[in-house]
Every structure is written in structure tokens, then in C-alpha cells.
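These are the structures, in C-alpha cells.
Below are two complexes that have chain A in common, paired first with chain B and then with chain C.
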Partner chain A sequence: MSILRVEPVVMDSFGIEPTLRDDTLSVKLTGTGDMAAVGPLGFFLKDIQSEALRLRVSAVAFDVRALYFLNSSCLKALISFISSVAGQGLKCKVEFITDARLGWQRRSLTALERMSPELVSIADT
Partner chain B sequence: MSTKRRTIALLMDYVGGDYQSEVRFGVERAAEAHDVNLLVAFGETLALPGATDAAQNSIYHLIGEETVDGIIVASATLCHHIGIEGMREFLRGYAPLPVFSIGMEIEGIPSLTVDNAFGIELAVGHMVDAHGRRRVAYIGGPANNEEARTRAEAYWGALAARAVPPDERLFAEGAFTIDSGRSAMRDLLARGGEPDAVVAANDKMALGAMELLKERGIRVPQDILVAGFDDAVIARFSKPSLTTVRQPMKRLGALAMDSMVRMLDGKDVQDVALLEVELTCRESCGCGVQASASLPPPGTTGRGGAALIAAQRGSLERALRRSVSIPTGSLDGWPGDLLSALEAELTGKEGRFLHALEALLDAAGRAGAILDHFQGAIAVLRERLHRPVEDGGDGVFQDALERLWHASRIVIGSASVRVEGERRLNVELASMYLSWSARSFSTCLSLPILKRVMASELPALGFSRVAVSLYDSTHGGHDPQQTTMKTLFLMEGGREVEPPPASFPARLLAPDGFLGGGERTTLIAIPVAFGDLEKFGVAVLNSGAHELVYDALRLQLGSAVKAAALHREMIRQVELRERLEQERIHQESVVAARIQTTLVPERLSVEGLELSALMKPAAAVGGDYYDVLATAEGGWLGIGDVAGHGLAAGLVMLMIQSMVSALTRRDPGASPARLISAINAAVYENVRGRLMRDEHATLLLLRYERGGRVTFAGAHDDIIVCRARTRRCVCIPSSGVWIGALPAIDAMTRDAEFVLEDGDVLVLYSDGVTEARDAHHEQFGLERLCAAIESAQSASVVAIRDRVLKEVEGWCPSPDDDITMVVARYRAPRQP
Partner chain C sequence: MPVSEPSRSGSLFLCITFYPTERMANSVLRLVSSFCSMVLDDANVCSRFYMAAHELAENIIKYSSGPKVSLELALEESESSCVMKICARNEASPERLREVERRLFELKTAIDPVKHYDELICETAMIEGVSGLGLARVRAEGGLDVDYKIEGNELTIIAHAPVGRWRVDEHLEG
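Up next is the complex of A and B:
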């Protein structure tokens, strides 16, 4: 049985909780992705990328419904992640589970989807 | 009027060695008897002349008249490197304090040595006279050691006295250690001198020699005899047990203290006193247990118990005294007392002898005697009082005596085992506590943690009074007169107490009042040092802990203080680096802010548009961009935001600004989508390929035509148009992708358009406006922005801009992102 070798991130205003279900690596982001979250998110995404490679998962699903805000530096980390996934030729989809009521999600993630439509998909709830 | 209690210092290299331990024991017991305070200071052997003084030796230079009235020096332990001349200089440095030397005869200094020459004469003589050996080899001590030299000379003398021809091949030199004894024995065998006996100048070298002989298959004592010098504890337990010259080390210490007290009282002491030694024969010379070999033969006759004793009482007392070595003078009358108890026993007071023997063993154990030696005393009594029936002895009486001797041997045996067991238990306990404390000390990374560890660990190690003081960092170099210390840790009665804040001269060793309180004390002073060169301070501790503990604690404290110092330095370096890094980031931000704000257009002038704009960089500059460029047919508006912060973001923004400016100038009517795609390709190449970074940006380019048509492309926050007709805001989303993230975005970048009507207000803004958050982390948001624009739509574009800014700043007084806004009101051309 595969065990996830990446630690959750627990901060006062930001959190990341990774879980492995079948061949999907789920990542739940919560709180506020502001400047304090930039470093931890960057490191986490680097780790999760190697985990995706090691476990050969078919999808990484980011559940951002409880992520209230994501600033441009955090978004940059997500874009770098997606670029690397694409660059490594991983057969791994990136899915965002979003809440349409949150403005940033529509704005930023739609642009992400437009950028790599074959890789990124958005599921509104 | 009471006089101040005297304090005597004892200087030695270690407290843990056999010799050191025994001498210290003797000095300590005599100090108790004389009611003087004792301060034992130990460091290392003195350094070679010319060499830098070992840091550990700093402790010796701090001892002086400020703290003590006289100094006893265990010279034999300190002199290995500096020799007799060096020792003389060292001891003279303490004048005018009275100084007494143990183990080394030094001109002008009263000293007490054991009769080294006689000891070797006994050992060599025993090999030749008792065992008929003619090839007696000798393993001597270090050449610079005075005692070693005396013993070596006595070896040659003993051979000469017996007309045994000297043979250089039979003489080797060691360094008083087990290893050096092994290698000396290896040399002796290699030289082909064919030794049939070996005498070593101390027990450790003899044990090393026996180890090597065993490895070579040479049996002791069958093939070769071995004898040592000292009668160290281990000599009794080696296999075979070691024949050795018993050096009364405890007695040596006790007599030194007696002499020091006499000196302080102004009484005469001998310049050089010699203490007698005797040979203890065990298995290694083939004698086996020989408790009373040197006793004079029984000389009295008579019948009956008490009479038998009375007739030879004087001689019996002497023989008993010789059979047991009691270190201190406290039990001087013990043979007489024991004989009286035996007399009482024999006159019918049953149990008196065993009772007295038990009390004696108890007291002798406390005085540090080897209780096993009392077996020899019983052997003396048995031999002297035995009268065979055929010689006229009383059979019943003899039976009773035999039963008494048997019971006595059991009492001695169990007392001896008990003492050894206690000793062993103490060693085990000390080792256990030490290994615990070592773990705690080794993880001390700061002085406050070290204090906590000392407070919790030292009581378990047997300490209740402790003062650990560290040299002030500005202490006066190597001059002990100038050096000052401050107490780091103070413990009284087993509890940590607040140390006095003031510095004090290092020569006081501990804060005021710690040394020489009301009660008589024995204190141990050890240097707190790391290696040979780094000295940090002095620790003064109560005596009574296991001697293993002091040596170990000296190393642990030194290492812990060193670790704390290293850690402090490391933290300082990290803080320094962080400060420099912050300074660098700050400088970058200043540069980036300058790039960002100086590149904004100075004048906003586009035909048909009333314009106002604003850029307010946050503390960590965010890389916002806006531009307004007039053309013959209208103009270009641009807005964007480079993701990330700092100088790199500023540089990317600078690239975008330059490219937009150049491309629109060259082709004012170009498709915004084509410009965006071209800029993307260049930015991607520059940022990823050349700067090796991963910045990307939002960028929205709008081409405005005087007639009101606006064509736009790119990706950024929604465009807001406040329609004059409806007085409502309309949000127009952009449909492109960021630039700099993909090598080519042509396929996903499309032109779109809308038309402005007279009076419409166009607002472009960065996310610093909509994502400004209040104390509850709620964003200002698009709705509030639209509401602010709508409520101010009739005012001038400057007033609209300022209204929005005021509301945003009211919402979030210290925004963490740049705030950028362009407000344009369209005025349709007048109809002709």
C-alpha cells in the first residue's frame, strides 16, 4: 500500500490537507492564501509534484472551496506547479473544485484553465 | 573571640586516579580532624616549559592568599612534563603562602615522600632473595618524574647489593600507564635479556606487562614473576593478584595535612620526611596469600587465653598494626582495643571479641581501610595463640579459639564484601547518573538551558552547594590578577538560588560568602574549559559526590559552555545574515518602487478622454503596471500586475512597459491580441530562459478609437464601465491568459470589443483595490468598487479616483499590495 510522504500544512490562517484516494491525490486548501502562505505553499507543491510522479496518480484535485483568497504570489506557485506537471509529461490531470461565489476563483482559475485546457479542469459546486 | 577557620588547598591533576583518590581521601579526613576547610583544585599535569599553559591549569594560578592559608601540592601528579626544576618554580610562585609537597622532594619546600628506594629494594630483593631470580627486569616511570628516578636508581642498587650483574637489556621505561607497561614488556622480551622476574615502578605498568605476557603464553608466576608499586585497588583483583609495594597513600595525604597545620601553627616540620613502605606478597610472585610472612616468630609460652595474650601483648599489637593499614590517625589504638576485647572474651564474656571486631571494621571502613587486610590480623592472632595439644595445649580452649577465628573470618569477609559492594554500587550509580546527565548536558545550546540542566541534574549527582562562574568576556588576558568572573549558577542546600549580579576577582573562585561559611567544608574547584586552550571559568562544588563525577562533570560543563558559545555565535551569524538579507530586500524594494513609479506616464492626454490615474506601491512592491499612450487615432491603455514581489517583479514590469510602448508606437492600429502574444513570447523567453525565473503577469491592452470603440485582449481583472445612460456599472471580463507562463498564447488570445458612449466612465484597476482586506479579512470586492464609482460618477475623474481610494483605504488602512487605478471619462466628438 502506498503511503503519502508529504506533510499537511497547518497555519493560523492557511491550511493544506493532502489525502490519497485510489489514484487521485486530493489537496484541500483552506483559509487565506496571502504573503504568509507563499513559502509553505511553494514547498508543498514541490513535494506534491514528486509524490504525483512517485505514486503515478492520474489526477491531482485541489479543493479550493474553503480557500477564501489567493494572492498573485500564491497563484504563481500554482502556475509553476502546473507548468512543471506539463513539462514532465505526466499523464496527470489537475482539477480544481471551486465555489463560484468566490470572485478570485472565477477570475484566476478560469485563466489557468484557458492556459492548459488539456490538463486543467474546473468543477464548480 | 573566635578565630577564622583556616582553609588549605590541595592541588592535583585528577581526583579519579588510584593514587590521587587515596591521597585526597587522607588529606580530607585529616582536614576534618584538624577542623580546617579544604579546597581541592584539580586541572591537568603542568604544561611543558615554553608551551602555552594548558587552559585547565588556569585553576592553579587562581589559588592564592585571597582564598587559602596554605597549599598542599601532590607534586608527583603534576610534574611529568616540567620536572623538578619546573616544580620548584611553580611552587615558589605561591610565596609567601606555606607550601607542602607530596611525593616529590623539592629544595626549600617541606615535603613528604614514601621511601621509594626502600620499596624497590624490597621488591627486587624479594625476587632475588626469596625466589632465587637472577634476571630481574625493571620497568621504570617517566624520566622527568623524581619518584620514578629514585625508584630506578634503587633497582640498580638492589642488584648491586646482591652481586647480580647489571644488564641494560633488562631495563625499560614506561609512562605509569597500562599501555606503556605493555610496550615496555614487549621491548624487554624482544631484547633477548631473558628476564625471569619483572618489577614495575607502578601497578598499572605491572598490569600492562602481565597482559602482554599472557598474550605471549608466558605464565605468571610459573614462568616469570611480576611485582608492582602502589598497591592500587586493582592489584588485589587482577589475575593473578599482583604482588606490590604498598604505598600508604591515604596516610601520605593525612600526614601532609598534619604537617601543614604544624607549619601554620609556627611549629617545626621536617624538610623531607620519608614514609615507610612494605611489600604485599600475592600470587604474581608465587607467594600466594601470605598474610603474616614478615611477622616475628611466636616468642612466649604460657597456658590459658588471657595469660597467653598478656605475655606477648606488646609484640602482638605491633604485629596486628603491621597487618592492617589504617590511613588516618583516628584509629591508632585499635590493636590494643581488639586484644582487650579478646581477653574479655577469653575470660568468659562471650561475644565481646566479635562485637569489638565489627565495630572496628565499621570504623576502619569509614576511614578508608581495606577490610580484607583484617584477615591478616586474624591470621596473626591464630598463629600466635595456637598451642597444639601435643605441645601441652588445652584442646577445648583451642577448639573455642578456632571457632572464634572462623566466626571472625566470616564477619570480616562479609564486611569486606559489603564495602566492596557499596563501592561498586556507588560506581554504578555514579555512572548511571553521569550518563543521564551527559545526555542533558550535551543538548544544552544556551546558558539559560545549561542553568536549568544543572539545577535538575546536579542534586542527583550528589551536589548541594555549587557555584559555576564564567570569566567576564573582557577579562584581563592571561593575568590572573586582572581577571574577573560573574556567577552563572549558584546552588545552596540543593536548591538553585539567584547568583549575585556583580563581577568579582577570579582569584576569589566563587562569589562572596560561598567559600568559608560557618561550617567546616571541603570544596572541589575545577576549571570550566574546553580542550587545552579555551577557558571559560571555574566551578566550585561540595565534596562527597563520587570521584568519577568530578572528572566527568569537568568535561561535561566545559563542553556545554562551549556548545552554548558556539550556538550563540551561530545564532548571531544567522541573525546577521537575515539582517543583511532584509536590508537587501528593502533596497530591492526601493529600486523596484522607483522603477514602477517613475515609469508611469507624466501627463495623461488622449483625445476624447478625461483621464486620471494612480499607482500606490505597497511596502513589498507588487509589480503593478499601467500606461496611457496617445496615438493619432485615439490611444492605448494598458494595465497589468506581475505576480510576485520585489526587484524581479519590477524588472518584468519594466520589460512589459518598454515592449508595449515600442510596439504601439510602431503600429498604433495593431490588434491588441497580436501585441499581447508578441509580448508574451518575449517575456517568456527573457524570464524563463535568461533570468531563469518564473514570474508571470496579468496584462490587459485596450486600443481606444476616438469614435468610442475599444478593442481589448489579455487577462486581468474585469473592466468596469459606468454607463452614463443607465448610471450603472457594467463589468467586462477579459478572456485571455497570463503572459510569461506559456511559450505561445496566440491560439487562446482573442480580441474583443465594446463601445463607449458619451459620458461613460471607464475604470481599470489592479487587484490591490478589490482584494484589499479589512480586519476581518473581508475583501473590498468588486461590488463595493462599483458602488463607489456609481456614487461618484458625476464628479470629475480625479474625484472618482480619490473617492475610490478613500473608501479602499478606509476599508484597509495598510494594504499589502499595490493599488493602481485608471479612470477615464469618454467625451464623444461634437457633431458638426
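Up next is the complex of A and C:
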């Protein structure tokens, strides 16, 4: 498998850490997804989409357990990512790993699952 | 019947007027988070109100044409119920006011807020730039009702929902 060609995002209040494990691209989101995070997240998701295509991964797994808020613009960036993945015909699932104790995570991401149930799943841990 | 603005004589009332900058918003939202955690003893209820306040605060900052914006939170009790209200106020351009009035009217009158939110998600999925989802999210995901008022160039958005319990004991104990 090729080496990942996408850089982590490190900010004071927000972070993105991508890793490749077997044929799954794992993306750990940390901190607060607020106005400051929208731009970096959007750029990152465009890069990760290209990587998913190049590496032909079977899944992109977003670990949001250490995320404390996600605003609607960050959600929109994830929605655009999922739509693009679906539009490109990639055989790639999108999974969100949530902390069951943080009810807002599933509540916020459920709309993405409703939008694309065949592609998106949410796993509480 | 339109919902009234938060009352200063409610059980609890917090009003913050600030410059419409991202940095100020971060400070204000930290205060709002503390306020919600202090007042509401259910973490899920608290996160719903915090999400609503966050979306409203970002909204008034992004579209403000005036020098200041304000955010109010109030807990109002009656004999039979207790309601938490969040009120966001800014000045906006006539174009923005027309657009937001259209969106707010559709949101307020939507019979099924989740369906309305899902439709907006599908409509805007591939549109670059502004999400346009924040206010619909407040109603669909947060479960808060949304009302609004436009007077001149001033826009007031009020989100509100009943709360089952709040930390009245701490209030009484001082």
C-alpha cells in the first residue's frame, strides 16, 4: 500500500490526524469544530477524497470521540465530502466512530446517515 | 402567535453585547457553555442549547452589518413549565434580511423540521461556501422552536424550548 500523501492539521483548538490501516483511511478529529476549523477541514477533506481514490481504500473512518463540538459549516464540509464520494462512484464506506457518552455526536451525525444510508454508518463506542 | 423575547425578569437572564468577530465569539461561547452547564443538569439538554447558541452566535457574526451584536439567554418559569430562550440580535443589509426572512419563514412554518433539514442538506450538499444549515439544525437537531422579528435593519432570532429540570437547588442555596 502506498504512503499517505495528506498532512495532519494542527491548530490550537482543532486537529485532524490521518492514518492508513490496511485498506481503511482513519481520520481522528479533535477539539472544537467551529468557525476557525471550517477552512482547514474543507481543504483536508478534498485531499482525503483524492487519497481515497488513489489508494482505493474500502472505508474512511472518522473518529470523533475527542471532538467537543461541530458547527453546521463543518457538518456541511462532511456532507460535501460524502456527496463527492458517492458522486465519484467510489466503493468506499464512510464510518463515524462516536463516544456513546457524548449524545450530541450521534445526534449531529445522524443527518449524514439519513442522507446516504448505504454509504454512511455510525458506531458508538 | 409570536413568542416573546427573553424577559429580564425571568429566573435567570444573561445578555452579552459584543463586537462581531470570531475571537469575541469564542469567548462569548465559552461563557454560554458555562452558563448552560451551570443551569441545566442534563448533559444532552445542555448540549442542545449550547449548539443552538453556537449556531445563532456564528450566524449574527457572519451576517452583521453593524458594529455590535448581542446574545441573550433566559430561563423563564411559570407555574406549570420552565422555558429556556436564546435570543440573537444583529443589524444586517436589506439583501441579507430578505434572504434570512425567507429562510426563517420556511423554517418556522415547516410541519416536519427534520424533513426540512434533510431537504436543505440535499439541496446544498454540492454548493460551495456558506452552509445555510445552521438555523434548520437548531430546530431539527436541537428540538428548539424558532421565531424571528425584523424591525428596520435589525434582525432578532429567538430559539426556545421547555426544559424539564434546572439546578434550582443551587439557586436556593445561594
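A few points about this structure:
Please note the rule applied: the second predicted complex is superposed on the first by the 123 of 125 C-alpha atoms of A that agree within 3 Å, B and C clash if a C-alpha of one lies under 4 Å from a C-alpha of the other, contacts with A are read in each partner's own complex, and residues count from 1 in each chain.
Basically, a contact is a pair of C-beta atoms (placed from the backbone, for glycine too) under 8 Å apart; a residue touches a chain by one contact, two chains touch by 3 or more.
Computed from a predicted model, the values in this text were never measured in an experiment.
Applying the stated contact rule after C-alpha superposition, one finds that A:Arg114 touches each of chain B and chain C.
When the two structures are aligned on the shared chain, A:Gly103 is found in touch with chain B and with chain C. When both complexes are overlaid on chain A, the residue A:Ala123 reaches neither chain B nor chain C.
Within the superposed three-chain model, A:Ala36 lies in touch with chain C and out of touch with chain B [touch as defined at top].
Once the two complexes are overlaid on chain A, the chain A residues touched by chain B in the first and by chain C in the second are 13, 34-35, 69, 71-73, 75-76, 79-80, 83, 103-104, 107, 111, 114-115. Those residues of chain B that touch chain A in the complex are listed here as 620, 622, 641-645, 694-696, 698, 715, 717-718, 733, 735-738, 741-742, 745, 748, 767, 770-771, 773, 777, 779, 781-782, 816-817. By the touch rule above, chain A contacts chain C in their complex via residues 13, 34-36, 69, 71-73, 75-76, 79-80, 82-84, 87, 102-104, 107-108, 111, 114-115. Contact residues on chain C toward chain A in their complex (touch as defined above): 22, 25-26, 29, 43-44, 47-48, 50-51, 54-55, 58, 61, 117-118, 121-122, 124-126, 128, 130-134, 137, 140-141.
Across the interface of their complex, chain B is touched by residues 13, 32, 34-35, 68-69, 71-73, 75-76, 79-80, 83, 103-104, 107, 111, 114-116 of chain A.
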